[in-house]
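Shared between the two complexes below is chain A, which has chain B as its partner in the first and chain C in the second.
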Partner chain A sequence: MKRRDFLKSILSLPVAFTIASLRKSSYAMLIDVEKCIGCGKCVIACKLENNVPMDLPISRTWIEGYFDGRKVVMNTKENPFLRIKGNKGFFVPKLCNHCSNAPCVNVCPVSARFHVDGIVLVNKNVCIGCKYCITACPYGATFVHPEEKVTDKCTFCYHRVKRGLKPVCVLVCPTGARKFGELKEGSELYEILKKSRFRVLKPETGTNPRVFYLNLDAVVE
Partner chain B sequence: MRAQELVFASILLILIALGFIAAYQMHFKPLIQIEPYESALGYPWRFLVALYVFLVLIGTGAIISAAEILGIRDLEGVAKEAILIAIITITVGLITIAVDLERIERASYALLGYANPLSVMYWMIIFYVLELLFLILEGWFYFRRSLLRQSESKGFKAFVAKVLSLKFLGGFFSKPNRELDLSFAKSIGFLALITAILAYSNLGALFSATYIPLWNDALNPIYFIITAITAGSAVLIISTITTSWLTGEFEEIKRRAVFLLGRLLLFSLLASSIFIIWRTVITGYPAVSELASYSIHNLIFGKFALNFWFLEVFVGIFAPIIALIAGRRNMDALFVAAFLSLVGIFAFRFDFVYAGQIVKKISGISMETAVHPFEIMFAIGAISLLLLLYYILYKLLPMEVEHEA
Partner chain C sequence: MKAWKIVLIFAMIVYGSLYAYTFHLSPAVKEKSFEEWIKIEENKRISFLQSDVCRECHLKVYRIWMSGNHSSVECEVCHGAGAEHAKLRVKESIVVEKSRDFCLICHGEISGRTAISVVSEGHGSGVICTYCHDPHR
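Let's turn to the complex of A and B:
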């Protein structure tokens, strides 16, 4: 083996390791930050699909807009990005990262959170609303549902996925910034991840997220 | 019952009713929304969590501080108080945390059928339930001889003693057995002490096992135990001095216990101050992490600065240490020091819970330290319930010191 090939194989090890660790279970999401235009359709569609109150600042998915170092968040029907003029910015959709090593699953005292096909789900009939999962989640992706009085978060629209449909945020995105699918050899997601430099949020927490980002600025945590 | 006692009990009952209304408001058809349910953006753990941590701290601390069970004879004088205070504060603490749950009716799920042994919170629930059971059992054996003695007299107190001692069952229950009772009380008391240490250090670990920089500290469990000793000795000093003042007699054995507790208080305050200094320096040290620095900056220079410097450091540590050193054999100084250190410990719990979460900002939205009036109403109700239970039980139970123990 040439030295160049050897170094290449060494450098690709972390990527291979991440993908290999995800093989057991399947679903994942890939978000191309360059394609997101901050229209907020995903936020509204998600709220409608999953009965999350439209006007409260809680959402299963939200968009962070970064303008000259300032962060603005869209998590209600109103789009705050439309008010910002003259500044260049970029948009980062966020949601539950469906961590393989999910802190919320570990800390829940009543086993209300669990993995199915790699997706972290909430058993709303069991959740006691202690909110430990909210404090444990490094991504701030979980909240208390005001009507159901249990914790709530993105489920990758599992009720749709199990019928062969896409999550609603993926479906409505006009630019195709979100891609969703199984992470198995030969799948579209697998091939893109294999060839691209992707990032996950807060890798230092060791949660092994299943939401991958392309073209993500280093300023985003 | 004297007129003053009636007024005192009535006021407490009114305050308890207010607390009940507040709990009802928080859970069923609230007239005013608590907050726009923005837990992910705001503070998921709020005032009631701080209050719960404070209450169970007192209960655990009372048991650890009055470790009469370990053979410290000078603490015999406060053994009954310690058991009583521990049972009451842990019970009210558990009620408080149950009220903080969004689905209070599912509070028993962790014990019945849905346990997650990987969860630190699951173990917290288990340890506190066990601790409460052990304390009740220890108390029963510890009080049994006095209860049987009291049941020989006449009136309501005798009836209560008969019921609590289970004398009506006859046989073993109707005859005191000094050796057996003491040996059971000591064995179960030892288990209660172990579970108390496990429970409260586990509570420290519950905070540590998160991504929140101010909480993520492996020393939390040890620090929690030290502050438990502070709170426990402080509460025992306050209760013993107050009850002795009210009853008009201060037994020598109780006086000795109070002086020993004063020394324990001083030691634990000195240990606490070392922890506070190092936690502040290490968490805020530039090389640690930006988030950690941000959280500690908020604590010492930001929104929590007044709480931290005035209530935590000056009122909670500095002033009591001065009072304890200056007035070592003075009951008034001990009382003041104990009271101030309790205020400081509550401020610490409040700051710890709130300041920890301030950095968990997903949205860039500035978070305000919010304590809703209903939370304060409930807290007043909970403290009143605690006082009323202590008052009633102190009146009904045989609280005289068991000299031969």
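Let's turn to the complex of A and C:
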């Protein structure tokens, strides 16, 4: 029996290692499209927190409004949705999807992009601004920062998460449309995803995004 | 003969230094550079805090807010970034908006707003919202 136990423990070692690697913190976001009211607080707060120019149409997170098939984008201080009245519509907040198989990480010629805890970060000391990542990203989530002259994108507010705070877009969402947390067994996000039907954006590209959408309409790409 | 040797040595030095830079010294290949950047990213300044910090000074308003309808809405949604205000502690460093347009950013009647109660144009038009409604309640 002793020998059997020993062999068993030897065999279970790789399994234990895999479970341990899965249990390492991996952050994800869940967006309920039904709850988004298009107030644009997240866009303004994100720009303030991360020093992205307020008046230029570039943003780490942006809101797309769909009205009778027409798409209106909010990515500056101005809220274009307040002028639109009477049409049936809905709002979709978008941001970097922090793909597990990220095209921007794969194409970067200087390895400036890398994964930490499931978050894709840009090393701005290394980035040369060649914009390969901008063409590779299927979500259009990365852009060139006009002042730093290197590419910039959502970091899931890494500096806040490591201090134990929520990302700023999650914090300022008045309806709780965005939820953020670790994606592991027993966590709040895991339980919601287990119970409900969710979708990711552009699953056909094989990027395995970490941003999940509830109640998402099929016209959204 | 001599000049040819000098050129060769010079070429070897250039080649060697370029090789050493690209494969050993450049920040792209040094694994440490990731850790350095993570440290820089972690130490970035934050401008938004959380409502727990607001409670430290504004306990009276905090208690009213906790029992009210806006309790799911964080302080900084309406009042703006609070880190500067927590440092300076003066009225000018925080947003106190009471205009009708400011409330209508969220409560205006536009399509696709099903999650919250909206206000039509006719409801008390021209009157400041806070005249009747306490936003903290």
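The rule is short, and it goes like this: the second predicted complex is superposed on the first by the 196 of 221 C-alpha atoms of A that agree within 3 Å, B and C clash if a C-alpha of one lies under 4 Å from a C-alpha of the other, contacts with A are read in each partner's own complex, and residues count from 1 in each chain.
Operating definition for what follows: contacts are C-beta pairs under 8 Å (C-beta built on N, C-alpha and C of every residue); 3 or more make two chains touch, one makes a residue touch a chain.
All of these numbers come straight from a predicted model, not from anything done at the bench.
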### Task
Report for A:Ser111: first if it touches chain B alone, second if chain C alone, otherwise both or neither.
both
### Task
Check whether A:Glu49 is in contact with chain B, with chain C, with both or with neither, and answer first, second, both or neither.
second
### Task
Give one of first, second, both or neither to describe whether A:Pro57 is in contact with chain B, with chain C, with both, or with none.
first
### Task
Applying the touch criterion given at the start, work out whether A:Gly181 contacts chain B, chain C, both or neither, answering first, second, both or neither.
neither
### Query
First (chain B), second (chain C), both or neither: which does A:Pro93 touch?
neither
### Task
Return first, second, both or neither, reflecting whether A:Cys130 touches chain B, chain C, both chains, or no partner chain.
first
### Task
Based on the superposed arrangement, let me know which partner A:Lys149 touches: chain B (first), chain C (second), both, or neither?
first
### Contacts of A:Ala141 with chain B and chain C, given as first, second, both or neither
first
### Query
Between chain B (first) and chain C (second), which, if any, makes contact with A:Lys71: first, second, both or neither?
first
### Task
Overlap the chain B and chain C contact sets on chain A and report the shared residues.
110-112, 126
### Query
Mind pulling up the chain B residues that touch chain A in the complex?
36-41, 44-45, 100-103, 106-107, 109-110, 114-116, 118-122, 124-125, 206, 209-212, 357, 360-365
### Message
Which stretch or stretches of chain A touch chain B in the complex?
### Response
56-58, 62, 64, 70-73, 75, 94, 103, 106-112, 126-132, 134-146, 149-151, 205
### Query
Taking the complex as given, what residues does chain C use to touch chain A?
27-29, 33-34, 36-38, 40-50, 72-74, 76-77, 81, 104-106, 108-116
### Footprint of chain C on chain A - complex, ascending
34-41, 45, 48-49, 65, 67, 79, 81-82, 84-91, 110-112, 114, 116, 121, 123-126, 155, 158-160, 162-163, 165-166, 168, 171-177
